[in-house]
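Common to both upcoming complexes is chain A, partnered first by chain B, then by chain C.
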Partner chain A sequence: MNNFISNLLNKIKHNYKDIFSSSFFATLMAIMIGMFFGLLVMLIANPSNAMAGFGKLLFGGFTKFGDVLYFATPILMTGLAVGFAFKMGLFNIGASGQYTMGLFFALYVGLMWDLPAGIHWIVAVLAAMIGGMLWGVIPGILKAHLNVNEVITSIMLNYIGVYLVDFLIKNNGTLFISVESRTKYLPESVQSLTLGIPGSNANITFIIAVGIAVLMYIILKKTTFGYELVATGMNKHASEYAGINYKRNTIIAMLISGGLAGLGGAFAILAPSNIAGASMTYEPVGIIAANGFNGIAVALLGNSNPVGIVFSALFISHIQRGGTQTSLFGYKPEIVDVVISIIIYFSAFALLMSHSIGKYLKSRKEKKELKNEISKEGK
Partner chain B sequence: MENYIIEMLNITKEFPGIIANDNITLQLKKGEIHALLGENGAGKSTLMSVLFGLYQAEKGEIKKNGQVVSINNPNDANALGIGMVHQHFKLIEVFTVLENIILGVEPNNHGFLNKELARNKVVDLSQKYGLQVDPDSIIEKISVGQQQRVEILKMLYRNNDILIFDEPTAVLTPQEIDELMNIMRGFAKEGKSILFISHKLNEIINVADRCTVLRKGKYIGTVNIKDTTKEALSKMMVGRNIDFEVKKKKAKPTETILKIDHLKVLSQISHKYIVNDVSFDVKRGEIVCIAGIEGNGQSQVISAITGLEKVHSGKIYIENKDITNENVRQRSVDGISHIPEDRHKYGLVLDFPLEYNLVLQRYWQSPFQKHGFLNHKEIRSYADKLIEKYDVRSGQGATSLTRSMSGGNQQKAIIARELEKECKLLITAQPTRGLDVGAIEYIHKQIVAARDSGKAVLIMSLELDEVMTLSDRVIIMYEGEIVGHFDPKKITVEELGLYMAGAKRQKIKEVSHE
Partner chain C sequence: MDTIYYLIQKMLPVAIPLLLVALGGMFSERSGIINIALEGIMLFGAYFGVLFIYFTQASSMNPQIIFLIGMIVAMISGLVYSLLLAFGSINMKANQVIVGTAMNMFIPAVVLLFSKMFFSSDGITTNIILYINEVPILSQIPILGDILFKNTYLTVYIGLILLVVLTILLYKTKFGLRLRACGEHPHAADSVGINVYKMRYFGVMLSGALAGIGGFFYSVGITDANVSGHSGVAGFGFLALAVMIFGQWKPIRIFFAALLFAFLRALAYSIPLIPFLDNLGLDQTFYKILPYLATLIVLIFTSKKSRAPKAEGIPYDKALR
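And now, the complex of A and B:
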């Protein structure tokens, strides 16, 4: 174990230069600049409380870490879904639809099937995965065999998904309570396990999600399938030249991507919490799930890297939690959305920035050396 | 003291990490054709870009007629009478010839175009210099040779008298090259001064008066063409003696490896047969070259054999096995190795480490994978073996990012990969495109060695020198059909050119070794 840690430290020492010139560093810079503009927005909105409100935004999440984990889980999953497809060069913008399908499948199994407590929630989770896969594989098949742009088909499936689910729920007397215009609460047998920390909403699904991220990392780095996927994402022509089966891999990648988003839906609805209206029930109001789109942001900020996605999901969840607390200082929840959006916006420039920052640092170093030389000569 | 129209004195231009021009001096006399010779990356294009105002030099000065001038952008260059024909033409494909020529200096009456004025001037110019081109043709509909004439007319229209030609012959047939040479001589006689960038020694010997040689960004020297030889120039360019002749024994072809039978390929764009009824074969132990001007279906023949392009009708056999409907992977297993025309687009995943690219055709085979998991240890040792055997140079060996490697070493990596896998038929398209003389020599040697080790070799090349020196048989394609089939020892380059341009054709249905 000690050996392992010292190896790891060595590796970090060895690669620290790469880390600072890497997209990781660029992402950090992006976040900082985003923060700065966020602060600016808060100053404009309400100058007197800006610093206190900004403090809450940044640090408020720490007081409710269980909630941060609770809300991080679904966007971690949709983030993985988007990131995985993106590794192959596919832009799965339909994570929302896949997420909603997963959520519905889990809800259906939870309320309509009577299963023993130990396995009920596992069956619901698996059903959600299948639901998400179904919604993911359709754009995959269309892309592979008819070369239809996956962005368009998956966006359309977002709408189809959400209205179909709403329709199926409203039409089902067992699921739906029309006077409260929401579904029944899920029974305890189907709730996923909490981590048993009193007063905390942390639950096992976050650990499962992190496990899935690790699995994804292994698939991408260590398997021939991952090799093919990344090769195709980097250069489709070369992968064709190497005889990689593009059609099959496209379908599999979208199947997996959809499944991941579907799991996100299950983890969102099956996790018990004491936050009002957040879990165990669903309101069919015809709105596309925000957790799906947030997944795109998470993947972008995490640079489609599974490890990066874990941290970016935590980060976004963290400032979202902090953001809700800024209402104490009279800030509307929309402000925090603006701040988050700005951060995402800047992370889109992340790679560009890493180049220009790298250049700047290098030229500064060179100038310094030149100055030293000149001053030496002067002496 | 002689009179120079343009002098570039002690020019130094640096890019991050590289000195592209290191203290270079170039002096151009009025009315001469001055060649600028150097390998790829020697700094020719950078130097010309400095003269044309695209880059600013850190040190040195430019003089015109003895006066120091500053050239900050192409407009400045233009005002001084400097014009340039770029290697890749800067034309708007959907505009007419006339519209392209006047672009940027449109004659107008208070904002309204006056094309008649321009048309008369263009027609006069094209008659005066023998640059036949219809001013109302759309650029994308005329040949590459004609497009080049449009570029030349652009310079003349702007009254330039210092003309820069950047690798102008790369896209032309031998006949078109002769015509261009004549046009250039005509300009020189008129008193215009010409800078002619090239790495083709024959052309320089043929047309230039003097020649300045660059190597790796440094000035090597300026010589009078009358007082020098091709060998001496090449030594100046490369820094050592180069074998122009590819040393190879007579081919000993044995059994047929590849057989193409009445192959037709349909173009996705024009819905015409881009490959029309092509039949030929390639035997073990011989090198067959497909020659032709770019865009006459040669690339599509190659793609049809490797499986990247769909066959409309006809059959392809490898050792009597029909592979017409097999996928790319299966064909690779059958023994086809393919060095693709565009190594960045097809040959390599540039953002992969070198070792991953070296197993691109084999990663799915044992021992490189086990139960779907990559065996990184085996991949590394295989990569190290190939890197040593084929002398592939890179910053960090097997883990170097492929993108960071030089073009020659990238091509070496592809050749290593393709020759080390089980291979009966080696297909290469433009194997030496964009490479320097040293790398070309190496790659030619490898191709001949592959032939001698009992492989069948099929080459598609646009470089006639390469076709003539490397091949045992030449097939010429024109507009999708085979129009000639020769022993390269029994035909001249000029005659080959006539076939390539469609001016001559043999009556042949079956092309095979007799």
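And now, the complex of A and C:
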């Protein structure tokens, strides 16, 4: 055992540059910088409570483990959606719209269709996937065939999707209760199976989402389609020259990405809830779903790797739960968004930063060795 | 006829922020940097501009003077914030879209955090009156007086002046030529002694200043000098990017594109006043969707032969020359 540790230490000593070049270290560094700025913002806002609030932000999530899983599920799905498209070099900023569409389709099936208990949930989830695909494939087709920038189209589709869903819900007497300005509660037959963690809404969909992440990993690493996708993301022109069908792959990638975000919407709304209004119902107020944008954060933090995305979704959900608890010390939950956005900003060039740190340390070490040698020779 | 005047008077205060922000996006992209952070920069500028109004509105200063100083405050804050984009994408060679997205997420969160903690609301509310009922003498000019000099804001005139100045800057000055060269072929520009990094910094800073002003003009002309972290600038930063693409990265075309979008929005918000549209009985939602849907359709028709600067979005690396 001792031998093993000393071996490991030796390895670390001799591979400064390799360790600092890993994307994992880069992400870790970005997180640390983000946390530091979060503390700074808290100090500016209210210095006397900053340390206590910061402690809650960091560790508060541990007391609410079930809720961390519950809130991680939708952003895990939107994260997978954004990450999958990103592997191909497509920036799917429209995950919000696709998420909302999926949510609406699940809601519609849940309330309008009368199906036996076992099948109802499955149909609602599949419908959500189709809804998300529908909204995701539009930017895909436009990008592939008409060269329309997918960033702008998917942002426009976010707005169109939200307003459209609100319109469809408000004009449907069966779905909408206008006095409460929200939809009816979904029947129990479409509720996701709870995981039974006391005091939380954690449900089976988290496990399904992790399963989907593994599936995505396999698709990306082990299939021809995944290989083509990654190759296109790395160099579009080279991959086209090699005979990879760019147009077809763009459309399929956006279709899958939209479907994943749509599933996120279903998982969010079908979750059992012990807080009234948290899920099982939807308020049409024309606000773009935050879970879609958080998905971008999750994907970037997870380096677009499906397995990394599982961990980054858990991490972001964790500090979100901690963030809500900072209100005990007079802070607002928005502190989490501040931290997350700073983390993303730095993770965009963290790799470069950690490279240069590694280089600097290595060159210092080499200089030291050189000096030692010179002094030895002098003797 | 009154309806048309009314629509135009409603349209101009909406068109001007779109125009300025789209021009900002244009300068940035012409220098080679994709500025998707416009939305965040707008809100940042708007917040500081309105904050300035909030602290000075009780003083005896003329409201229009307060407005002008507020504009400068917004401009400077937009410029400073845009330096984050410049640093990330020029010095650190990061993915410009990711940096921009992070910047867009940062501002609403900070605005909400501080407003909730210090103002106990989602933003800042002021009660200054910047609306101009009628400009003396000029409003008597037939037609033009009705279009330009009644029921308006000072933003309209400043916006139009800036359009002229910026068009000249882009096409008729040494600076404009160098900037365009950096967006088209930075290596060629570098080979004749132009400092590409510096020009790109200027491009981003100019776009930050314009987006700051645009955001302030949005809050003055559209939300009555109030600002909220929740609704922010309602996607105007992104709409401005679409306006820029529709305008094919050319100032005058961008101006007309901004007018078109603003007209659609003005139309959407004045349905009950126009008997013809009111009688159609379409749902309000349809008109809300209209500007975004129009953007989508317009992009479909203009993107195929896009005149985007060739080097936009690619970090400049001297070693690759």
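Quick notes on this structure:
The rule is short, and it goes like this: the second predicted complex is superposed on the first by the 348 of 379 C-alpha atoms of A that agree within 3 Å, B and C clash if a C-alpha of one lies under 4 Å from a C-alpha of the other, contacts with A are read in each partner's own complex, and residues count from 1 in each chain.
Basically, a residue touches a chain if its C-beta (ideal position, glycine included) is under 8 Å from a C-beta of that chain, and two chains touch if they have at least 3 such contacts.
Quick caveat, the model's predicted, so the values are computed rather than measured.
In the superposed model, A:Y163 makes contact with chain C only, not with chain B.
More residues of chain A are in touch with C than with the other of chain B and chain C. In the superposition on chain A, contact of A:F225 is made with chain B only, not with chain C. Once the two complexes are laid over each other on the shared chain, residue contacts for A:I155 go to chain C alone; chain B is not touched.
When the shared chain is aligned, no partner comes close enough to touch A:Y246: not chain B, not chain C.
Once the two complexes are laid over each other on the shared chain, residue contacts for A:N235 go to chain B alone; chain C is not touched. After overlaying the two complexes on the shared chain, residue contacts for A:F65 are found with neither chain B nor chain C. Judged by the touch definition given at the top, the superposed model places A:F25 against neither chain B nor chain C. Across the two superposed structures, the residue set of chain A contacted by chain B and also by chain C is empty. Listing the residues of chain A that touch chain C in their complex gives 41, 45-46, 91, 93, 142, 146-149, 151-153, 155-157, 159-160, 163-164, 166-167, 170-171, 286-287, 293, 296-297, 300, 330-332, 334-338, 340-342, 344-345, 347-349, 352-353. Contacts from chain B toward chain A in the complex involve residues 16, 306-308, 327-332, 338, 340, 345-352, 356, 360-361, 363-364, 369, 372-374. The touching residues of chain C, when paired with chain A in their complex, are 36, 84, 88, 92-95, 97-99, 101-103, 105-106, 108-110, 112-114, 116-117, 229-230, 235, 238, 241-242, 245, 283, 285-286, 288-289, 292-293, 295-296, 299-300, 303-304, 306.
Those residues of chain A that touch chain B in the complex are listed here as 222-225, 227, 230-231, 234-235, 237-245, 359, 362.
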